[in-house]
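Attaching a single structure in structure tokens format; questions to follow.
Going by the order they are written in, the chains are A, B, C and D; count residues from 1 in each one.
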Amino acid sequence: MITLGANQYGKAEVRLVHVSRDGDRHEIRDLNVSVTLAGDLAATHLTGDNAAVLPTDSQKNAVYAFAREHGVAAPEEFAVLLARHFVDAGPTIQRARVGVEEYAWDRIPATGHSFVRGGREVRTARVTHSAAGTHIVSGLRDMTVLNTTGSEFWGFAKDEYTILPETRDRVLATTVRAEWRHRAREVGRGGVAGETPTPATKDWDASYAGVRGALLDAFADTHSLSLQQTLYAMGSRALSAYGEEICEIRLSLPNKHHIAVDLTPFGLDNPNEVFHAADRPYGLIEGTVRHDDADPAEEAW
Amino acid sequence: MITLGANQYGKAEVRLVHVSRDGDRHEIRDLNVSVTLAGDLAATHLTGDNAAVLPTDSQKNAVYAFAREHGVAAPEEFAVLLARHFVDAGPTIQRARVGVEEYAWDRIPATGHSFVRGGREVRTARVTHSAAGTHIVSGLRDMTVLNTTGSEFWGFAKDEYTILPETRDRVLATTVRAEWRHRAREVGRGGVAGETPTPATKDWDASYAGVRGALLDAFADTHSLSLQQTLYAMGSRALSAYGEEICEIRLSLPNKHHIAVDLTPFGLDNPNEVFHAADRPYGLIEGTVRHDDADPAEEAW
Amino acid sequence: MITLGANQYGKAEVRLVHVSRDGDRHEIRDLNVSVTLAGDLAATHLTGDNAAVLPTDSQKNAVYAFAREHGVAAPEEFAVLLARHFVDAGPTIQRARVGVEEYAWDRIPATGHSFVRGGREVRTARVTHSAAGTHIVSGLRDMTVLNTTGSEFWGFAKDEYTILPETRDRVLATTVRAEWRHRAREVGRGGVAGETPTPATKDWDASYAGVRGALLDAFADTHSLSLQQTLYAMGSRALSAYGEEICEIRLSLPNKHHIAVDLTPFGLDNPNEVFHAADRPYGLIEGTVRHDDADPAEEAW
Amino acid sequence: MITLGANQYGKAEVRLVHVSRDGDRHEIRDLNVSVTLAGDLAATHLTGDNAAVLPTDSQKNAVYAFAREHGVAAPEEFAVLLARHFVDAGPTIQRARVGVEEYAWDRIPATGHSFVRGGREVRTARVTHSAAGTHIVSGLRDMTVLNTTGSEFWGFAKDEYTILPETRDRVLATTVRAEWRHRAREVGRGGVAGETPTPATKDWDASYAGVRGALLDAFADTHSLSLQQTLYAMGSRALSAYGEEICEIRLSLPNKHHIAVDLTPFGLDNPNEVFHAADRPYGLIEGTVRHDDADPAEEAW
């Protein structure tokens, strides 16, 4: 018999820019918000009865209205408010996920209301809320980093298709995608453990800056024998420094190959100075680093 | 204590074009192949010992060499050969996944070796192989479809943020992402049930064309009360028609809103004739349709 | 002294989908329309006096209103109507350009109102109108073509950086960008020569299909010694076949390199069967083919 | 009669990363280089005789070899070296254009060889060289800026399609594309006027930073009555401050509409605090600001 399996729906990519004013000094937060709801949705699939379907248009409106009513203190906090709202609103929605991308802006020096888009990386947050609790995952993507030296790759397995030479000095570059899960006690009221502090009591921006900095530092000062080793170093650095707050980090690191160009046909050497930055194919290294006391919480992702 | 969790690695996006010649009549297959391996990889993460790491460069070479040795009969079959190779090659790799995207080419009429890129959709395959068996998932993405009428949306839940008017006639458009899992007996030698036929005995191209056609037909001839209803109709149509072969289908359908433009300020009516095709935000409807006799096989995805 | 030079403004990328109904059989045209106006616009630049500035929002509204009032017979004709409107509307705009991209849809077989996005190429039109007349340029982009044989490259110039081997048999692939200018007499009332037929009297869809077919055929049946030779063959084929209608064609052909993979390290030959489809860098061949009786009309582009 | 018109060819998007070492302190320059050559190329188009065609592969090799031989001091200087090389190399190439995009990297604090991609904007240079001289155009793209206040739009022309309300306070945002042409005397040996200094004597990085800063400052401190007024302010600010060096600047400014969301259906006001950042359509304002003593030099662009 044919049956309906897992399903969810929502409004994706609501582009919200929020301006707050403190006299002549303005602040902006620039978000891309996606809502995903799951619950008692069989009827609309099977018969087109939409009585349990809150329109995605209403979800979009809620995003904008919440920005006015509550402001946008941090992506994580804003997402928690929204996720709880959708579950609390009625009996048909059992789980809400709110994903946020935040784009950075820098103040143009010596101005109060002028900004320039800064950095290349995108800050992310995803919040999952149900009766069982709230999970908060923070992250970033598109942070591209490069070491011009301090990276080796040798002693690897060889098969009949292996012709790659070993190297004791290569450029190592990657575009970091990282997501880290906050411990339940960080999440606050309604959280997994039902503890009291609200997420509003946490400085999410400082937390983000701290983890980002740990990732960057570990990439920079790890003498790397493999990108896997660098991945683990990055993850464990973040967990070591912020283990009170976070319990698990997932990293996806494309190996953006920089190939030293063979200039010998032109009578030139190339002492790791001239590189071709290749597009495809690329290695892709993915891994999780976690505290062994972390609950699995697969539903948080 | 900080520990290494789930991890995998491989070469992504190997762009392979294979030409086969039967006299003056050539055929091409244009693939983008990604390999992902998992196994005993703790050492490289923890110490940089790469003895268990087959370079991603070797994986890329295997893709090209296999194309020469075995040809490219179909994405599914090619992926099975590769996935089994990586697991069979040695004791350190326990699971291999091979993902393939295939880009369509049409023969330029009345020619033997000239082609034009056809269609917009991308055919996909992902094969997962381990000692436990082989899973094959076929699919497509970027198939954009539109009904100019025959779609309604009304009777939905309303909250304080609901202002969307009900409609009895709207444009319904979506860009289909669909993946369907083949039953174990389709997979053949080394498959879950260890049955005898190899995947080479199956006409994967015909299978793909059949499921694609079922999805297209169901989209076209379902009078839709919600995009969820259309999703279920598409999935169940495919399972009904090809239930001997496939046991589960997952669909992701962005609701590409076409908004009838209000022309009354200009003294004009608009009887569903002039639409603004919006980019963002968009609804996103995701769901699974399955035979209730299908094993869960979450590892196949 | 600092002065204002050439300037223009307008609304870009108005996404218009137009549905026409003939009983149960519907037709759609899916356009992306960009308007560019030039004229007496110094005041807004120098002082912010906007008296001569028709808002880009009004331009967008005109696109939608014109679709209702006049339908969308063909991109060229729709663009002519709009371009003339903006110039005729008042004394401050001297020149209007309307650019259109059209996306193809195929009817799902045996249906009246269901469609699937077809082809990969985008049809284009750009119309430039001023008191001096009207120019119409039709075109296409993103038409990717490939010959598996019938292409050579040898006898080329060599310098100290030349290591490319000569070849008598290679894959030749390119993504065609082509634009062709229609003769003034095709443009009709208000055209350069003030001739009588309106563009409505021309079957622009048939004209487009004809030129596209000529380009495709010339690509396919030209035995190519260089991509430049293929470019000229494509352009001259179109001009030969449709020289009564068009007088000039501009082509931009990226050489999408397909590199035969060296499989000898793996004990395999590669008789032009297995290729790596490279992303970057790529050759880029650009050229114009024209009738020598064509007026220059640089302002048409 | 059908004839060959303007034509050119070259290698596009050569991705070059250059590392220079001063002990433990490394520097990188990350470029995307495109070469375009024009000259006596009729034969290859008409007959496939390639005797005058230097392969685009050789052009690519020259880019890499020049990086080794000459280093990469600045995009402008590197492009001048290459452009002169291709023209000087033989009699068949009369004009070479070299376009460069440069991607910014920031040093990770307190490290010698670790970097993170910085900023979002791309620095550009294009150099055109022929017997008539050398032109250098510097520029940037993808610099997105936003003022939360200090922008008005009213007093505009109105037609039958105008419904846009006037506003005395709006968000103004744009993604700047700017290119500025250097005076001939900046270009040096082989330049238009044949003057003596080589481009190596100029601090191109400082020049770029200066013009970029002037554009940013003018955007920020111009109280804007139209985006055209802001465009002119930006251009004239740069020319005023750097008029000894540059004589013309071209700007392309998409008006990235931020639409204050109407929250009144939800019982909320919106004092310019909550905005929808729209994708399409967008206004597009383009203009040139120049010194009236600048020679036209259309061939520089």
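Definition applied: a contact is a pair of C-beta atoms (placed from the backbone, for glycine too) under 8 Å apart; a residue touches a chain by one contact, two chains touch by 3 or more.
All values reported here derive from a predicted model rather than from experimental measurement.
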Please identify which chain has its centre, taken as the mean of its CA atoms, farthest from the centre of chain C. A
Would you kindly state whether over half or under half of the residue numbers at the chain B/chain C interface are used by both copies, giving same or different? same
Of A-B and B-D, pair with higher C-beta contact tally: A-B
Cα centroid separation, chain A vs chain B, in Å, comes to 24
Using mean CA coordinates as chain centres, what's the gap between chain B and chain C in Å? 32
What whole-number Å value describes the gap between the mean CA coordinates of chain B and chain D? 40
Among the residues of chain C, which are close enough to touch at least two other chains? 15, 61, 65, 161, 163, 265-266, 279-280
So in the complex, which bits of chain A are touching chain B? 1-15, 34, 36, 41, 44-62, 65, 89-90, 92, 153-159, 161-164, 224-226, 228-229, 231-232, 235-236, 239-240, 243, 248, 254-255, 280-292
Residue set of chain D touching chain B in the complex reads 160-161, 163, 265-266, 279-280
Chain A contacts chain D in the complex at 15-21, 26, 28, 30, 61, 64-65, 67-69, 105, 108, 111, 113-120, 143-150, 171, 216-217, 219-221, 258, 261, 263, 265-266, 268-270, 272-279
